Structures are given as structure tokens and as C-alpha cells.
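Both complexes below contain subunit A, partnered by subunit B and then by subunit C.
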Partner chain A sequence: MLKYLLYRKPSFIPSVFESGIEDRMDENSNQSGGNKKEGSAKDSTGFGNGGRQDQDGRGGGKSKDGGVKSNPVTEKRFAGKIAENKAIDDIMNNKVRLYPGLDNNKQVLEKIFRVPQNKDPVFRPISIGTKPPTRAMLLYLDGITNTQLQNSTILQPLMLLSELRNVGQDGGAAVGNQDDEDFIERIKEAVLPSNQVSEAETFEQVVNDVLNGNTALIIDGFDRAILMETKGWQYRSVGKPQVEAVIRGPQEGFTELVKINTTLVRKILHRPALVAEYVNAGAVGPAQCAVMYLADVANPDLVKEVKKRLELIRADYLSEPGLVEQMIEDSPVVPVPQVLTTERPDRVAAGLIEGKVAIFINGNPFVMLVPCTFFNLTQSPEDAYIRWPAGSFIRIIRYLGLFMALLLPAHYIAIVAYHPEFIPTDLLLAMTGAREKVPFPSIVEVLVMETSFELIREAGIRIPGTVGTTLGIVGALILGQAAVSANIVSPILIIVVAVTALGSFAIPNYSFSLSIRLLRFVYIMLASVMGLMGILVGVYIHIGVLVSLKSFGVPFMAPAAPVTIKGTDYFMRGPVWSQEARPDYLDPLKTRRQPPKSRSWLRRGRGKRGGGGK
Partner chain B sequence: MSRFRPVVGASEAITLLFIFISSKVFLTYTVFYYHKGLNASWVIPLITTIAGVVVALLLVALLNRYPGLDLVEIGEELAGPYLNLLFAFFYLALLLLGAGMALRGTSEGVVSGFLTDTPISLVIAFFITGTMVVSYLGLEAVARTARFFVSVLVVTALVLVALTIPLWHWDAFFPLLGPGPLKLLLGSLNFTGDFVQIILLGLICHFLPAGRIRAIGVGGTLIAGFFLFLFTTVPILVYDYPPVTELMLPSFELARIINMGRFGQRMEVLFVPLWVFGNMIFLSISYYAAAVVLTRICKLRDYRPFVLAATVLTAVIAFIPQNVIQAAYWSQLYLGRYSLGMLVAIILLLLLISIFRGKGGGLDEKSN
Partner chain C sequence: MKKVISLLLIGFLLLLVPGCYDYNDPDEIAWVLAVGLDKGKQNKLTVTAVVAVPKNIAGGGGGQPASGGGGGGGFFTVSMESPTFLSALELLDSVVDRRADLSHIKWFVFSRALAEEGIAKYIDVMARFHQFRRTSHIIVCEGRTEDFLSKGVPKLEDNVGKYYELLQRGWRYTEFIPFDTFESFYLKSKMPGVAPLGILASLNRKEPVYTGNSQKEKGNYQAGKIPRKGGGELEFMGAAIFKGGKMIATLNGNQVGVQKIFDGTMKRTFINAPDPKHPNDFIIVEAKPRQNPQVDVQIIDGYPHIAVDIKMEGEVVSIQSGENYTTPDRLYIIENAVEKILYKEISDTLAKSREIEADFLGFGLHAKKLFLTWPEWVAYNWDEKYPEATFDIKVDYKVRRTGLLHEMAPLQ
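Right after this comes the complex of A and B.
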């Protein structure tokens, strides 16, 4: 007793430095008083426990979650609502079992789905045509279910045909007896002709399935529900890839439904070892992710790592691979993508065959392939579809484009501002003559043009298609003619900016192209400070950072640095018959991709270099 | 020593070693050869390479007796903490002095050749920043950066040499042995320190593939010797003796003399990456190695706090000489003339103690 007198549990006192919270509390004290009663009535299902559940005595101070503050005024004002939400979360998180009574279940589910405010959930009471009839209820979300399917495979059999199939208390299991199991089983096996039927025992299972477009059948007297496949939402059909177009090769792109996307890959890879595992990422709006890999090729450690990273994401809502990417990549602060994002099923299939792992996100037509190396980001699927000399040539052009996009404006500044003696005299005279009337230093000139170009590019993406041509006219006039006529920039810079833009368009990966665009400005700044030395120091740091990057444990610059066993398809595109091994850095279960005699139709002793062997 | 145990492959290690040893060919250093070897200075790198290989074999013999330990740890095991402290300070001095002089030489070269209006302090700050970042990222980053750039460096160096072929005067070789065999041999002793950077092998040995340290040491030394030979010989062939003794930066002058018609003038710009990247890799290796030595001295596990310390010390050292000539002279005098002898003395002493005490020790089981 004495210690309670001597010791008083410290209570939280809001600081006066916390953004005027105290004032707001005073101002709203009267208003919040009226809402205190909200949610105070405690019903039979445990909702509305009459106040805040998280009485940690801290009010609106700093929370434990990384210093994110909650507003004490809001908490006080909506205490009842917050308590109700928490109770629902508890039901979901604690996996509370269904009640045997239909009415209780309905009451809880109505609370979970916020009925009557929420108009989408449908609670359809039915009477199963047994003798005597059995009360039941269907639960589904209007708009994302296939109503025809529901009518023909659920309502009709249950209400009209169950007697014919001898299901009921007389002929089958009696409700409330020890043979409950038989009744549910009989309904599943004999009455419901849905292609996928399963059972659920908790509210969380029922709710998640209903949210996915399925229908739940809850029968009075049973503490289980039957879940039936009735997905019927609208989706875009498979169309051409929007970003990764090719001239030769398949013209199919992923769509928004994960099931369709995995099917598109399965259509290419007819392998029983092609595994698709499903993982939910995120808390408030979990994103359904499919992890796809070839079980007999992919390194199990890699698969395990991918699943682990996805499962351990703690975030509200991750609807897009770009968001998931930031959660699972090794070094999110480095402005270089460490995940290959593609919308082409053939590219995913090629990656899976190499031993990579694909991550599909439901609701998005882009699929991630991991691990990803620098060379993956510079390759296009078309490289493989054309003959290898042309493929190699295109890659060289692409590397040239990469170099231009990253370093050409910086080199222009370095040469104009610091090293004019490096260029031949005739060219120097031409450049100097062209810049004679330009009043700005080269750095200003370049920044003006590059920023204008980025502005036009950004506007070009956002502008409605009907007025898109206007942007082209504006851009051409501003960049091409008016700027030169006004002596704001020199004509040579127009060429530099145009070639830089062409270079960046040649980069096949959009994320990578973005990072190059960003880094270009860094190099421009370095060149403006130290000329060529600045660029070289920047390149040195850039390479140093890139070689220490990893993508799911695989060095980003492999197989160049560190040096691993190189195939003929990393820097250049080698002949397809010489690509006998899978990438060494992936450490796949099967290293050999094809036998040494891949062109075995060649006669003995001929075409050794052509994969024919002896 | 660090959060992650780095893994360095054989080719990466050879690259590190040969760039660390041979990057001095891009500075003033080789000019001193010509004063001793006259027109036969090309013999000097051959003799010093042999010396370097011998020292590499001695070092490997010591390292192989204590697998899992580096040179500083072996010194502590064999010579005790106090004497080893002196050894460690010697290693540190080698690395920091070499880095400081190289930093000064490179920066002066940049200022005189490319950025004539830029203060040298800014140039040094840029170099330091770039090299420090890569050193801080660790041995893997340094080794892989070197490996990534090595093809660029080697190809550019060979192109530089190839483009000067029309300017070669073969009669510059004669008299073939210049001042005579004895003077050449004695003169070469002044430059044995070219290969003192072999010490790197002793500091990174436990990150290298087991059983390949000897191949790495000998391979790196021989390749470095080849480039030293090449960049000592070609200026003689192009400029002849004695004009070659007046060159400030022989490799830079080689690039400047290349002329390919009306359009292909001032070709040295194409070879700037060769000098800059070569010396930046040298500096990054130096900082990392110096940080490792400091880590061992302080008996800590993480090298990274010492990278900045090594960088600051290097910058201070770089500004001590009054000019680049003095920096080059000190480099030749203190590093080139005596350093390898002292390193050999330490290695021999440790080997003798090891043989006397018999192989093994408590530290054998200790791995990084």
C-alpha cells in the first residue's frame, strides 16, 4: 500500500511545443463532448466497448512507430469510432471463429463491412430447399461477382434442387446433430456445382474471400461458411505491350489481373515445375502478389529470400510494382533500379528459364524480375529475336545512347568552359562562332535547354492525346527555332540536347532511363565545376557505387565486376547456339541450358563453331 | 574487420596489385630512371621486377605460414605488440606517403595540363572525395571498380603506345647497356621501392582465394613490371636520350606528341581517363590499406572510421612538398630507394622468428 502512496505512475503531459495541440484541444473540447457517446453502447458481439481501447496514457504524444504523431483531439472526438475500428481489427487479426447462429454472424459481418453506410455488400437471406427448409445467407460484394454464375451455380441448386439431391435433415445430415459435417460436405459435393468451393471457419477468411469477388454461404446452426468462386469483375483484355514494343516477337502484354498474367506465362512455359505461390503484401489494402519460379532451376535460397521480403513488408497499401520495388530492393537510396520491371510475358518466361524469380502484383500489368543486373537493364527482348550480329550491333548503339544520355551535355560544358583546346581548330571556330551571340555561360545555356526538354517530356506524358500535337509544335518552336533566334542558346546545343534525348529514348528500361535523366544533371553540375576532371571523378564514384550494389544478393554489375563465368549474352548478344549455360551469378540448380551440340543436325566434323560439335 | 566479409577473386586481386604498383608510370617517377640508366633505362624495370617477384615470394612464404592472418597480425603474433607497432607505422608511412605524393603529382598534372585556372586545393578535394567514397565502400568496391576499369586502362595504355610507333627511333637503344652493366645494376637498386606496394598482398591476403596468393602476388608483380618496362622504354624510343630526362610527365608528353592529320590533334584528351582512373584507383587502394593498418593497430573491427583519417593525413602529406618536383624527388628518395629494403628486412625478421619458434600460434584459429 505504501508503495502506491510513494509511487505514482507517470502520466503523459503534452508538450507546449507540439504544434499548438493544447489550444486545439481547448477549442474542440465542447465539440468533442457531443461525440463521446458514440460507440458507447456495447452489443452482444463485443462492439462499441464504450471508449478507447488503447488507453496507454499517452494522449497525443509521439507514438512508438517512428515518431508519427496521432492527433489527440481527433482521438478524443472519435473515440467511439476508433474503438469500433479496433474491435473489428481484433476480430480480423485474432482470427475469431464464426458463430453457430446466423443472426450473430450477420451482425458481425455487417459491422465489419460498415453496413448500412456501405451499400456494396449484399446479405441475401435464402432458404435451402431441404425438409424442413434451412435458413442461410449469401454474402457477396455487388459489382465484383458474376451474377449469372451465382444464379445458376448457387441460388438455383440451393433453393430449388437440394431436395432432388436428397440433402436435408431427413435424407442427409440433421442440423444440430453430430453429423453437421456431413451436411456441409453434402452441400459442397452434391449441390453446389461451382468449380472452386472451400470452407472458412473465421470471419477473416470469409471477409478476405468476399473482398476477392467470391460468395460466402453461411448456414444457420453452423459455425462454418462455404466459400464459392464467383469472381466477375471487369478487366482489360490482353493487348499489345505499351512500353516495351518490339517489331519481331510476341505482341502480348500483361494485363491487370494476376491470374491472367500468370496464365500468360504458363502459356509459354508448359512445365510442371513452374510454380506460382501467392503472398499478400501490405496491411490495410494487401496486394496479392504471385511469386513465380521454375522449381527445378531457380535457386531455393533466392525464392526463399523473395518470399521473405514480400511477407515482411509492413505498409498500408502497395498497389504498384514501383511501390513494392522500393520495399524489397537492397539499396533503395541509390537512384538505380535493382529490379527489372517488364510487361512482356516472353521476357518473364526467358528470365524464369535463366533461374530468376518473377513477382506479379494483382491489379498491375508490370511484373518484376529479380535479381536484376546492369546488363539486364540495357537489354531488350528484341535482341534475342533478331539474328545475333544485328542484336549485338543494336546493343552497341544502345550503349552509345546510354553514354550520350548520361554524359553528352556534361562534356559540352566541359569542352566549352574548360577545355576548348581539346577540339580541333575548325570545329572550335564553328562552335565559338555559334556561341558568339549567346549571353549566358554554357552551364546556364545547358540547364535552360535540358530543363525545357524535361518539361516538354513530362507535359507530353500528362497532356490529353487530342492536344498532343500542340505540344510538339510548341516544343519544336521553343527548342528548335525561337531559342536560337533569340540568342538564348547556340544551335550546337540544340544538337546536343536532341542527341541526348535520342540517347535516353534508346534505353529500353523506363526506370533506368529515369535514373539516367536524373544523374545527367549531377554530371552537368560536376562538369560546370571541374570540367572533364569533374566528369571523370563522377564516373569513378558512380562505378564504385554500382559495383557495390546488390540485387537480391547478386552483384549488380555481374558478370563484369565481379568477374564470373560469362555467357555470350551479357554485353553483346552472342549466337543463340553458343549460349549453353545459365548465368553463373544466379547460381541455378541446373547450370546447363542446352547441350554443346545444340545444332545437332549438322554433319559430324562440320560447324563446330555453330554448336554442331563433332 | 567490417560488417561484411569481402570476397575478392583472383583476377580482381591481380588487377588491384598491378595497378597499385604500376600507376606511378603516369607520374614523374620514371624520369629518375633516365638519370641513372641513361638510354638503357629500360633495363631498370626488368631488374626491379625480379626484385619485386622475389619479395612477393618471401611475403607469400610468410603469409602461408599463418593462414587467416594478415601481415600486421602476423607481426603481432611473432614480434609482439611493441615491435609490431613500429612495423605497422612503417606500413602506414609507406601507404600514406605514397598516396600523398601521388595525390600531389596527379593534382599538379591536372592543374598544369587541363585546369590551369583552378586552385590545386579544389582539384585535390575532388580527387579525395571520389577516392574516399570508393574506399569507404570497402575492398570489394575498390577491387571491382579496378576490375571494371582495367580493360579501359590497359586498352588505352596500349593504344597510346601503339600510336607512337611511327615516332620510335630504334637507334636510341644503342649503346645497348648504356652506362654499363654494373652501373645499371647499382642504379636499379635506387628503384627497388617501385614494388614496395606488394605490401598490399599482406593486408588483403585473407580475403583472397585460398591457395592462390602466390599466383596473385607473382602475376600482379609481373604485369606491373611489364607496364613499367613499357612506359620506361617508349619515351626513350620517342624522345631519345638525353631529351627524355627533361620530361615532366613522360606518358602525358607521349600523348601530346601524337598527331593524326589535321583533325586528330591534341589527342591527350583521349588518354585523360587513363591517368585519372589509374591514380584514383591507386589512391582508393592506399586509403583502404592505410585504414586496415590503423584498424589493426587500434584492434578494432571496422575499417571505415579510419578511411577519413587516412584521407586527411594523405591530404596533409600532399601539401608538405613545396612543389611537384620536390614531391617526385621525395617519393623517389624515400620510397623508391629504401622502402623495399626495409620491408624485406621486416619480412625476413618475421620469417626467422617464425622458423625459430616453429609454425603456429594462438592466432591461427582466429579469422578476421
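Right after this comes the complex of A and C.
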């Protein structure tokens, strides 16, 4: 370790991951990594070596210094495999068209899906019940399709009922001289009662659709395939939000499936202008990432920017908003989230109505809302659901919590060590008396306690549920009476740490809370060096950074800095009827949400009814 | 990686910095809660510092008595002979292991002997040195300050700092304790037209002195002369008037009450007014200012003529005679009786202020506006003209409530 610290040879040292040991194990087990290739259509230039890309998984694909190198040993040993992979990639990337012959197509698809090692793809040969029978083949992935649906809407009609509908290849009674085109059309129109049917001409289309749970029908003699909707994978049902719980308000949370998530929002916003666009973000594959906005409200530039950023991501594995967030945020270095992540459909709907854009990623119950400001991060949807005085009150409590979580230990240090004249004599003497037997300086005390609190917090998340109660006991011992009676810390510090903890739990946004936890230590350091002066310097820099920050073009501290038109809902919570305008910083297409007299029943005849948003 | 490690190292090094400069944990500091100055026995001054013993205070008291002359109350005192005030505090560091910190001082106690000699040179350091806070109070004690501080052990509190605060806070509840923080004391000292005052205090005497049991005004006493037995070790009553940095006179409780009416620091008081129909009985009322005192100063023939208008109000606390004065048509009897006694107290106090030639009531502050420029005002020489001033006193008292009894019948 020390050797590397002092001197490092400017040569390449292969790590365990880069040596390819893990990859080789992967390859031996039937190359299961192949599934991840589907979205690579657009990024054939993104990586030097297509073969490497799909074996490296997360580690290799995201190296920032571009120093991703193939291991020559591996390359030599598996030259055949790599060549094969490359050939398959070429088929996908170059959008090779299907062959007219069924057997050729089957051969290629088997190669692509790595059959026979891979047991999941099912190639089901059938014969369509025409006169004479037509040879065809169904392709789907076992387990992610709905078997009943396949039986009743694909197999049955094709094998048993097609005769009844007269779709003979050789010219049935209904139609005279049919060519190829008509046969496929007839199948689609008359035989398949699937609710979504489309056609594909390239291998890439077929493969992507099959990977998404659909079934492909390839008919002998045609260079096209019919794709039928048969998605039927397992997913968690819509449940309560786990992180953002509220007392009043809907108790529905997002689930892992992007389709369900967009539906949950659509359930709240019954508007034709609610657009859900599917975007290819990185290699997550088509139809995995949705951008949702209200076409008549959201600023088109904002929508364009969001789509642009998503589409221009070049990455391998991004099926988590946290990863996408890091790819699209404006300033990745600043420890403040610039994207609002939520698992509540109502919150997303509220954001969309304001003119924000939501980004859904498949496979995760968290949805991103952009742009995001400081005030969004400190708000909870519940503020709006309760009456406004209470809403304002809990916001004040939350700002207090924010202050406590960020600055309380630092202030403790500063006041105790540098400014004892700040506190009443009684308290000072009580604190001094309690500290008499503590052997450490206050700063060490604070660091010990804060670190052990962070440990407890981290352990609390990672601990298996069955032994969870142990943690409570251990935690209570560390952060409790035992520490005091052992004279390690003074009792007042326990209170400081506890209040700090409460404060950080009151912050509604998890990643914001994380950043506060991190910055707390910086402030403790500053306070221990320069007292309140240090804290002041820290706050000065901190606010300066926040003010210069932008989230998708919107200043992070808007509408406070820069000062723009403020609604009644940014710092405190105003009454609902006074919230007439959408946030100015979003520059929406419609500024007005409701007319000045939104409670038209108030003075009859004088209030203007309707007309909102015009 | 290199960057991260170097950042961590810098962070760790930062932790070492605090030890170098000004970082003091509170348990490494001796908290001085009061300082007393007296004429020296061997040097120019005897400086007494009250140092808190936090472990006794935080632990609920009852610890072992520490060095010096102290006892319980979680403190000990150190008295040192020294030529100046601050040099004594330096001496303190050589007899107390912890570094002395003066930022929590509550009281500056001067002995009467020193105060009469002049305290101007000590006021300067209090105003100038950054550790002294201006919310502390100036106290003049009868006798030696070292005894006053070392024997002033609280009966109710474990924390002597709290004892000092609460004892001084009596100004809110009684008219006998004046209120001048060091800040206002200092400002009044600098300003022509008003004289500052310090709290007059004393140790409890061993044996009370009783001078016959004739009827006397309750506020007719001052610290050191309160006829009492038992109670706390320290007593606060009356005030010491300063002029030119020297204590020139004392005020008794009643006079302090009048001073507080004009100073605006009077919150409430009880007034014992003789019952006009029953000479041996009192009507006791609560009185509080209804509005700020109206003071109108005119310069007539070069000398001030001061018209004061005092408006007070309150409720009846007791009518000893049982006479029913509480009907609306008879309330004026109570009001007149109270006004009479108030008038007497005010005119007595005004007479006192003229007698000692010190305007401790602050009429000069009202006269100031008659002069267009500061030099004119200084040239008028208020302090010289004030003793020749004439007064016109108006007192108005209104009974607002009659207490819990309405129409009282005498005991049968």
C-alpha cells in the first residue's frame, strides 16, 4: 500500500477484475451475459471492442479515464468466441434483415440467443392450418411470456382456426390471388386476436421484442416476422410507498415495471396531453426508459434537453435511476442531488402539472423529476394534503431539522470550545461539570459519537431482518447511558447527537439527507478549527455553491436566488386557492393554474368560473 | 486514490490545529462569576474572584469545600492583593490551575469605602476589556468585599451564578432594588444630566438592630439595616448614587422606587396608604405605571422648572379596617390616599436629589431637548443648576380592580 502511495510505476497493473478471471467463469456458464446486448444498436462506436463490452458487465464499461484495455491473454485463448460474439454484434448493429427461409432464420436466431447452451429461448415449430399447411415458428423466452395468452391468442388461432377464416396461401374463397404481402396482412388482421401486433424486418427488432417478453412468429417463405404482445413476467404488485410515507394522501407507490408506473400517473392525470415517450438511454434497451410530460404545459426546450441527455448516454447497465441520475445531472461533484427521486405517483403527477418532466426507468420503483430545486428537496407531498397552516408548520419543523442535522454538532463544538459566553451560565456549568471526567476534547467526543451513529445507521440498513432487534440493543448501548457511565462522552453530547439524528431523519429526500450527513462532518471540522467563524466560512461557500448550481437549466436555489416570481408555495405552504401560477423558473407553456377567483362559490356571480390555465 | 488519501490526511491534520490556538474545552477553564474590589490591605487593591466549581454544581452540590474562603454553593473565592484590577486576575492564574475566564461575570462588587474614594479607573477596564460583558451589574457592598463574596453562600441554589442572577433579578418584583446594567451605568456616567446608581448590598448582620416598634415606612430601610432574622446571607436594598465616579450618597428603598418610576424600570409595587378614616389601619394597593412618566422641563430665569405627571393604576390588595371603599362612588377615597402617599414619596425623593446635588432621576435627559446643540447643553451646566430647580408634581392613581372581594362587610 505504502509503496503505491510513494511511487507508482507508470505501467498498467491489471486488477482482479481486469484480469478476466471472473469473465472466464461467466463464459463457462453459457455466456449468460448475452442478454445485455440488446440496446447496443446505437453505440457501436462507444467502445473499442464490442466483444469486451458485453463481458465486462458494470466494471469495465464505465471507466472514466478511458483506459479500458482488453486482456491479451483472454483474447488469445477465446479468440473463437470473441469472433463469434463480434459476428453476432454485427448482425444486430447492422440491422441485418431476416431471410426468407425459415431454417436460415432459425439458425441465426439460435446463434444470437446462444442456443443450445441457453435453455430459455423457445423455438416452437408450428404449422399454420391453411391448405396446404404453412410451416412457421414461434420464438419467445420461456418464463417472461404469458403462456395462457400464447395458447389462446396465438397457437389456437394459427393452428386450429385459420382454416375457418380462409387465409389460405393458395387463394381462399374470400380473396382471390393473394401475394406474400397479403398473407401476412391476413394473418395479422384476421387470425391473431392479440391486442398488439407488429411486424419486424430485422433480426435486431425481433431479438429486442422477444427480450421484452413478446412472441415472434416467423413464417416460412417470408422475410418478415410478426411480433405479438405476450408479456407475462413476474412483478411486484402496487404497494405502499416504502420511503416516502404520508399520513394523508394516496398510499400507492411505484413498482418495478415502467408500464405500470406510467399507468399509475395516467390514473391521476386524465389528460390527453400527458405524453409518455420511450427513449433509449444507454444500453437499457428500448421501451425501458420513459419520459413523461404534459405536452401543453412543459417547456419544449426542457423536454428536448431531457431526451437529449438520456439518448446521449453511452453506458452498459443503467437499469436504476440512481445510475441514470449520475449520468444526466449537471454537476456530479457537488454533494447535492439535482434530480428529485420519488416513489409516489401523486408527487410525479403534481410535478408534471407544474411543468416538470418525469423520467421512468424500468426495473425500479423510483421515478426522477427534473428540474429540481432546493425547495423541492425539502418538501413532502403531505404538505399539500393537509391544511396550509399545518403544512407551513411542518415545513418550518423540517427546515429546523435541516439546520440541526447540518449544523448542530458544529455549533456545539464552536460554542463549547471557542464561544462559551454564548450560553447561559447555568448550562455552561452543567456542561462543564458533566465533562469533568471525560478524557477527550469535545471534538474527539463529537467525532466518536457521530461516527458511531453513522455506523448504527448504516448497519441498520444492511442488517438482516431476523437479527434486527440486536441492533437496537447495541445502538442504545453505544449512543446511550453506557457511553456516559463509561465517561467516554458527556451526557449533553448524547442529546446533541440524538437531535442531529432526528433532524436528519426529518429531511424527506433520502439522497439530500445523505449529502447533509456528509457535509455535517465538514462543518464539524471547520468549527473545531475556527469556531463560529469557521461555520460561517463554510456556510458562505456552501450557499455560494448551491446558488451557482443548476438543474436542467434551472438555478438550484430558484425562486429565492435568482429572485423570480414566487408563488405561495416555495418556502412555506400557502393556501391552495392562492396558488394561481405555475413556478416561474420552469417557464411553462401555461403559467396560470387557476383563475384569481378559484373559489367561485364565494361571491356568487362575481367569481369567474373555469378558464384555468388560459 | 492519491487525491482521496491526501484529502483525508489534510482533514486529519486539521484536527490537530485546534489544539494550537484558542481551543479550550470548558473543563479547562475556571469560570469567574463575580469580582470584588476593595481597598488593599498590603497593596492598593484587594481583588476577590468567585470561581465556580462545576462538578459540585452539576453533581447536585454537596461536594467537598474547596480552597479559599468559600463554602457550599459550588464556588470558592480567591482574594489577592494587587495594584490593578487585571493584574490580580493574572495572579489568579497562578493560584488556580485552570485558566480564568471573565466572560460569565455577573457582578462587579465594590466596597463602600472604595466606591466613596472613586471607581472611575476600574470602570474603564470593564468597558474596554473584551471579556467583560456589559450586562453585568455594579454592586456596592457595606463592609469588605472579600467577606461579602465568600460568605454570600446561596441557600436555595447549588449554582452561585444562578444565585447572583436571581438576587439581582429582584428588581422586577420589588421597588427596592434598582436596575442599572453596567452598560447603562457606564452611559449614565459619561452623560451630563443623569447620575448612575449601583445596587446597595450587604451581608446579613449577625444580630438584627431594632429601633422601637413605632410605625415606619416599609421602604425606609437600606441594605445592612433591614431589621430581619434569618433569610439569605446577602441582602439587596437601596442604591448608591455616583457622581464623577465617586459614590456620594445612598438611597433607601422608597427613594429607589421613585427613581425607578422615572427611569421606566418600575414594574409593580405595593403601596401602604394610611386609611383616612382609621388612622391605625392601612389600605394596601398594588401599583404599576399606567404610562411613562410625563416630565416637562422649562428654563425659567436660567433655572429649570420641572413639571412631573405620574400616572399609576392597580388593584386593591387589602383594606385592613374593613370599611367598604369599593363602591364606585367611594373609590376616590382609596385613590386619594394612595396619591397622597405617592406624592409624599416623590417629593421626598426630589428633595433628596436636590440635597445631594445629583440628578439620579434623569430630568436632565428631558431638559436636553431644549438645547439646539450639544455645546449649548454642556455649557448650561445642568448639574450646577439642578439643585435650584423648582418642581410641580402631579400624581394620579386609578383603582382598576378591587381584588377578589367586592362589597366587603366588616367582621362582626
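The rule is short, and it goes like this: the second predicted complex is superposed on the first by the 527 of 614 C-alpha atoms of A that agree within 3 Å, B and C clash if a C-alpha of one lies under 4 Å from a C-alpha of the other, contacts with A are read in each partner's own complex, and residues count from 1 in each chain.
Here is the rule we go by: a contact is a pair of C-beta atoms (placed from the backbone, for glycine too) under 8 Å apart; a residue touches a chain by one contact, two chains touch by 3 or more.
These figures come from a predicted structure and were not determined experimentally.
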item: Subunit B versus subunit C as contact partner of A:W233, first or second or both or neither; value: neither
item: Contacts of A:Y418 with subunit B and subunit C, given as first, second, both or neither; value: both
item: First, second, both or neither for A:F505, with subunit B first and subunit C second; value: neither
item: Which superposed partner A:Y540 touches (first subunit B, second subunit C, both, neither); value: first
item: Contacts on subunit A seen with subunit B and repeated with subunit C across the two complexes; value: 418, 421, 425-426, 531
item: Subunit A residues touching subunit B - in the complex, by the definition given at the top; value: 418-419, 421-426, 530-534, 536-538, 540-541, 543-545, 547-548, 555, 557, 560-563
item: Interface residues, subunit B side, partner subunit A - complex; value: 7, 9, 11-12, 110, 114-115, 118, 122-123, 126-127, 129-131, 133-134, 137-138, 140-145, 147-149, 262-266, 269, 272-273, 276-277, 280, 284
item: List of subunit C residues in touch with subunit A within their complex; value: 1-2, 5, 11, 14-15, 17-19, 22-27, 29, 31, 33, 52, 54-59, 74, 101, 103-104, 106, 133, 159, 161-162, 165
item: Subunit C-touching residues of subunit A, taken from the complex the two chains share; value: 4-5, 416-418, 420-421, 425-426, 428-436, 438, 441-443, 447, 525, 528-529, 531
